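After this come two complexes, each holding chain A, first together with chain B and then together with chain C.
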Partner chain A sequence: MKETQISFLRNIVGNKNICTNKEELLVYEYDATLLKGAPEVIVFPENTEQVSNILAFAYQEGIPVNTRGAGTNLSGGSIPDQGGIALVMTKMNKVLETDFKNGVVVVEPGVINQELQDYLIPHGYYYPPDPASMKACTIGGNIGECSGGPRCLKYGVTRDYVLGMEMVLGTGEVVVIGSKQQMNPDPLDLVKLMVGSEGTLGVFTKLFLKIKKIPEAKKTMLCTFNSVKDASKTVANIISRGIVPTTLEMMDNLLINCAEDFTGLGLDRNADALLLIEVDGFKEELDGQVQVIKEVCEKNYVKEFKIAQSAQEVDQLWTARRTVIGAVARKRPSYSLQDVTVPRNKLPDIVEAIVNISQKYNLPIGVLAHAGDGNLHPLVLFDERNKEEVKKVHEAEFNICKIALSLGGTLSGEHGIGLLKKPYLKQEFSPEVLKLKKQIMLAFDPKNILNPDKILEVGK
Partner chain B sequence: MSILKEAKNYELLNTCNKCGFCVQSCSVYKEHLNEAYGTRGRLRLIKAVADGELERTSFYEKIINSCLMCEECSKNCPSGVQGHLLVQMAREDLAREKGLPFTKKLPLEKILPNNKLRSFSFKSFRNFKNIVIRPIPSLHSIRGININSVNIEKEDFLTSYKPLEVSKNSKFKVGFFVGCLMNHTMKEVAHSIVRVLVNEGCEVLAPQEQRCCGTPAHTYGHSKITRELALHNMRLFNEMKVDVIVTGCASCGNMLKNYAKVFKEDNELKDLTLEFSAKVRDITEFLMDDLKISVNKNRNNLVGKVTYHDPCHLVRGQNVTLQPRKILRDIKGIEYIEMPGANKCCGASGMFQYFYPEESMAISNKKIENIKKTNADYVVTNCPACYHRLKGNIEANKLPQKILHIIELLDPGKQIV
Partner chain C sequence: MVNINIMSPVDIRELQSTIRKAITNKQKILLKENLELQSLPIDAKTVILDLSSFDKIIELDKENFTVTVEGGINFLEFQIMLAQKGFFFPLDTYASAKTSLSYNVLHGLPSYTLGEYGNYREYVLGLEAVLFNGDHIKIGGKNIKNVSGLDIIGLLIGSKETLGIITKLTLRLLPFPEEKRVLLFNFKELKTALHVTNQLINKGINPAKLHILNASGNSIIKNINLSKSPVVIAEIDGFKASLPRQLDVFKEIISGHISNFSLEITDNNEITNFWNNFREAQYQALINVQNTVSFSCIISEIPEMVAEIEKELVKFEQEFIIQVNGIVGTGMVIPLKKVDNEWISQVAKLIEKYDGKVLGKKSFVNQGLNTIHKKLIDAFDPARISFLGGEEF
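So, the complex of A and B:
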């Protein structure tokens, strides 16, 4: 970028909101993957007008713009691999309006998911999408990636909680789509299209979100099994008995051990699989549900069935679950995380396939699953400095993806495509569909400056 | 070769997998909202220096020095990365490769380690404060530090200390590590610690030759001074053959316990640390876990609501959280109220408050907001540095709260109201 371009941006956001230091460029070159790519300038807009002016200028000059929240994403999506502007939304971090009567909250994109929850909980409300990184990630990022989380088994993903938004297009124009009403009779639903668009269609500046009343009661169960197969069968059986738990999370032996290393909760290190099951609702319904779940577990040879006794215990179990991905890094310096979804009844098959792949490539692979949804996160452990091993990792992952697709699954459950999963897209979608998608992207962003060539190569 | 390149250190720098879970827990990041100030960013830059990708620029120094050593990042990292220790290592590298600036070198090398010079400095400062600062309100606050609110003793505790009589068969022979700040600014609190311990049947020795625990030098990477101080203090207390070493300062306690880790590869010190560090106790830890005292009697007829601020070096440094709360919950007649964000840093962090006044003020203001929410009458803490920072801010904000060191609530000889 030219010096004149940078000073133009400086005029828009002011001195304190722009950086070109080498040091700062270095810390905006990464996300939570192993990919890298540094921006040429970093700007921190404080309001919609600044975002609009920045994008109008970028449009005029044809500068790539990479929008970024907290950079906790697992897809390479927030890496400015084409240089240009890193548009960091962390300073737009206010809760703007709340309307508890109608269950609506309006926030800026830089609000941290957990901070929104902390704000809502004292009023008896919460925002259901709960990605594992909720303590660290922004709402804007969640919407860009259409994040899920353990709770989405019962409550749905981010897409189900976005009512509308104010956003800036790739030309600098500000538009409002959807509304603050719970019902949006929009036949061509642009809001749904924006959720999961990974920063390629526009930059969110205000988000209208649906919130829910905190359920009266919940019960959290911890069940261990001697085989992943038994655990998977339990999952399928619970749902076929007509119960929809809030969460049905599965960890394999490797992950149980890593979680135990970090939390020291006394998890059974010898168990082959663990299910973390939570049900919520009215008090009187829950005991019955827990009884049914217990029966199903017993029928599937549960090793131990335990109900958490205190709120503190529940918290600890969830901390163990939410941090397990990072905890894995205690075993090897690097990990790579896949995100595939298979039909629920195919869970045992894919887990078996992963075990085989792990043996074939001699790489430890842990399995973490939002089992209720059939959404799986195989975690491959390695050392990024060992190039031989990195090659094996790529091959192993490619095989996992291929198997997921052959079992009738899809590639991204919730982490987005970004850069990492671009190569697999051709296998999932036909050329006609891909062409349609490209046309949509160009309609929002005619010069392809918004997070260019993420998800799809659009070209200039 | 830079210490960052030493194999075991370099390996540690490579354990961060950039998940970002630590970033929001860093209070300094929260003021800047810029990745460079988050732990993940700091670690990236240290690695860049280790790899020769980045020079030790002034911006880099700023990033490395603007860390509170609050240990939040380390507690929140699922991968077990000890962010604060890596920052400490980077400071040591800076001190070796670039040398410390005069503003740090003078206190770290000359004043703090030297008992005479330190006493002299505190005394001169006391006179300066009483004659020059006090009459002129505009001088009361320097870089956001309310120096007018800091009491400085005319005569420090250690100089005037005479061991109190104990019954023949004392339960424990206690070495009292007073710490510089308590010694020079909170003499009465130090006396309270002694009285409470003696009442519980302990013999209390407080050797005058004890020196700075080494926290300031260690924090800014001055390993030579840290080692010297540690060696002196360990020899002194080991020779006295005490059963335990008790302190009422969170940072001293943390450092004394950490001698064992810091010098685990130092052949001369290693054995001394084995004897020494295991004996160190925070005062609340010693009273509740070892002496198992009963605190339900209200010893100074205190009434009202109390809240508690966790010093970083106690809650995360030493995992001491339950003992002070148990004390405050058990005392009859007072009502304990948990403060929101009780375990967040108060913003003091030693010299940080002087070098980074804006960040420090903003962090303190959050603490003040949380104190207000409790509507408490008393704010209790367990560390002289936090005590002064909180007191200064409470007074500057004209809040009604009174600040207390936790031991004051247990000492019948102390008139609080």
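So, the complex of A and C:
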């Protein structure tokens, strides 16, 4: 970018909200993947007008704009691989309106997911999407990726909680789609299209979110199994017995041991699989559900079935689940977290295939799964400094994706396509669908400046 | 009397061929169900699509709780079939008995259960469609979560036949709730009924269905001797263990406000019959006039909005039904006899006064969004063969 272009941006956001020196730019080269790409300038807009002015200028000059929240992205979507502007939304972080009467909260995109929960909980409400990175990730990023989380099994994904938004189009025009209403009556539901669009269609500046009352009670169970297959069958059987748990999370032996190393909770290091199950609702109905779940577990040869007896115990179990991704760092210097989804009954098949891939490439791969959704996060452990190993990681991950697709699955359940999975997209979609996706992207962003060529290659 | 040009393709190839011919011949395409539900300026050239040959259940996957089904199947018959096999597909609309699954999904017809059970996007996991550019596309599958690129499924749902025709769907199913009850209460005033339903939701009671009808709305409740005053109909479902307390809280909140009638239906067959009658009566009321106004509005604004509609429409000396889904704030104003445009625009004006939206009416006015809208249509329907999406209409 030219100095005159940077000066123009400086005039829009002020000196305190722009960075151009090398050390600062380095920080924004990354997200939570192994990919890198440096922006030429970082800007931190503080309001919609600034975002609008930045985009209008970028559109006029043809400068790439990579919109970013906390940078916890797991598909390379936040990597400014074409240079240009890193548009960091973290200073637009206010809760603008809470409307409990209508079950709606209006927020800016830089609000952190956990901070929103902390704000709502004292009022008896919560926002159901709960990605593992919720302590750091922003709502804007969650919407860009259509984030999920453990609670999705019962409560759905981010898409189901976005009622509308104010956003800035690639041209700089500010528009509002949807509203605080629970139903969007527009003939084409652009709100749904925006969710999961990975920053390629527009920049969110205000979000209308649906919130829910906190259920009055919950019960958390920890079950261990001698085989992943038994644990997987348990998952399918629980739902067919008429119970949709709030969460149904699975960890394999490698990750049980990582979690135990980190937390020292006394998890069974010899178990092949662990299920963390939670049900919620009215207090009278929970004992019956727990009893049914226990019966199903016993039928599938559960090794140990334990009900958390206190809120502290529940917190400990969830700490083990939420920290396990970080805990694997003790095993190897680097890890890569995959994200594929298969139909629920194909869980044992894909887990078996992952074990085979792990052996073939001599790479430790742990399996963490939102098992009720069939959404797996294979964690490949390796050493980034070993180039041969990195090559094997890419091959192993490509094979996991191919197997997921062959089992009727999809490339991504909640992390998006970004840069990481772009090369595999043609394995999932026909040329007609890919052409359509490209046409949709060009309809919103004819100059391809918004997170350019993420999801798929659009070109100029 | 216009000759109606009905085409009944039996497979994708025939449907594609019909669409391609329409592109070549510059004909408009419309689903058959519209003929009854809307008054439309069709001509002999208009291709009326009858999807009734697309009526097969492809796969009921008991392990994954999904069903793959062709879109032309009658919506209610499909639900009955699922229920007989122990599966629950919770969406249910006034047109379920008369229209295809595809019609309901393409038009995003508001479900009676909207709220507690959500909307179509939460249940449609995959679909096949023939677009109005002639392409046959397949997206999604049996996966509950899927974020592989842009959400074309979400774009097709509720697109009102402007992009293409859905031919096959894979849907997420639920286990049946253990028990349910239907409760009916007469109220003295419509506004009070609406306020009370807000209190219910604030107490954490989430009925599966919650309808509020004005006094004239009683005419669509058959075989129950109600007094002519506003009525609330609620269906509460859930686990046996917690249902009694939910019902107690419900009755306690509502007891201080009801006029002189209440009824609790406990038998499942009677509940089914009640909704069959209700659905049929509402559908008949709609097709009798073909110019209903459907709306959505912020829930807290609805009591005032509805009160003003009731007051202001008196001058037309025209009886009408107001029906509101109290959980999500959607509803309809249905005249009991044909009305003129002045009546329709007066209702729309009152809805918009309370920031409500008239369903099907494009709400955005920005130049940028209009350009995007046009480009999206260019991608899906370059020859503008959609009857409902056409400039003329």
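Here, the second predicted complex is superposed on the first by the 460 of 460 C-alpha atoms of A that agree within 3 Å, B and C clash if a C-alpha of one lies under 4 Å from a C-alpha of the other, contacts with A are read in each partner's own complex, and residues count from 1 in each chain.
The rule is simple: contacts are C-beta pairs under 8 Å (C-beta built on N, C-alpha and C of every residue); 3 or more make two chains touch, one makes a residue touch a chain.
Note that the structure is a prediction, hence the values are computed from the model and not measured.
Because the two structures share chain A, they can be overlaid on it, and in that overlay chain B and chain C fit beside each other without clashing. In the superposed model, A:Gln82 lies in contact with neither chain B nor chain C.
By the touch criterion defined above, A:Pro333 lies against chain B but remains apart from chain C after alignment on the C-alpha atoms of chain A. With both structures placed on the common chain, the touch criterion links A:Arg344 to chain C but leaves chain B unconnected. Within the superposed three-chain model, A:Gln316 lies out of touch with both chain B and chain C [touch as defined at top]. By the touch criterion defined above, A:Tyr28 lies against chain B but remains apart from chain C after alignment on the C-alpha atoms of chain A.
In the superposed pair of complexes, A:Ser406 makes contact with neither chain B nor chain C. When the two complexes are overlaid, the chain among chain B and chain C that reaches more residues of chain A is C. Chain B and chain C never share a C-alpha pair closer than 21 Å once the two structures are laid over each other.
Applying the stated touch rule to the two superposed structures, the chain B and chain C interfaces on chain A have no residue in common. By the touch rule above, chain A contacts chain C in their complex via residues 99-103, 145-146, 148, 152-153, 156-157, 159-160, 169, 171, 173, 175-177, 179-190, 192-193, 195-197, 200-201, 213, 216, 236, 239-244, 281-285, 287-289, 341-345, 370, 372-375, 408-417, 421, 425, 428-430, 432-433, 436-437, 439-444, 455-456. Interface of chain A with chain B (complex): residues 19, 21-24, 26-28, 30-33, 44, 70-72, 88, 90-91, 93, 110, 112, 114, 133, 135-137, 261-262, 323-330, 333-335, 385. Chain contact summary for the complex, chain C toward chain A: residues 61-66, 108, 110, 114-115, 118-119, 121-122, 131, 135-152, 154-155, 157-160, 162-163, 174-176, 178, 198, 201-202, 204, 238-242, 245-246, 294-300, 327-330, 355-364, 366-369, 371-373, 375-376, 378-380, 389.
For chain B in complex with chain A, the residues that touch the partner chain are 14-15, 17-25, 33-36, 40-41, 44-45, 48, 53-54, 57, 59-60, 63, 76-80.
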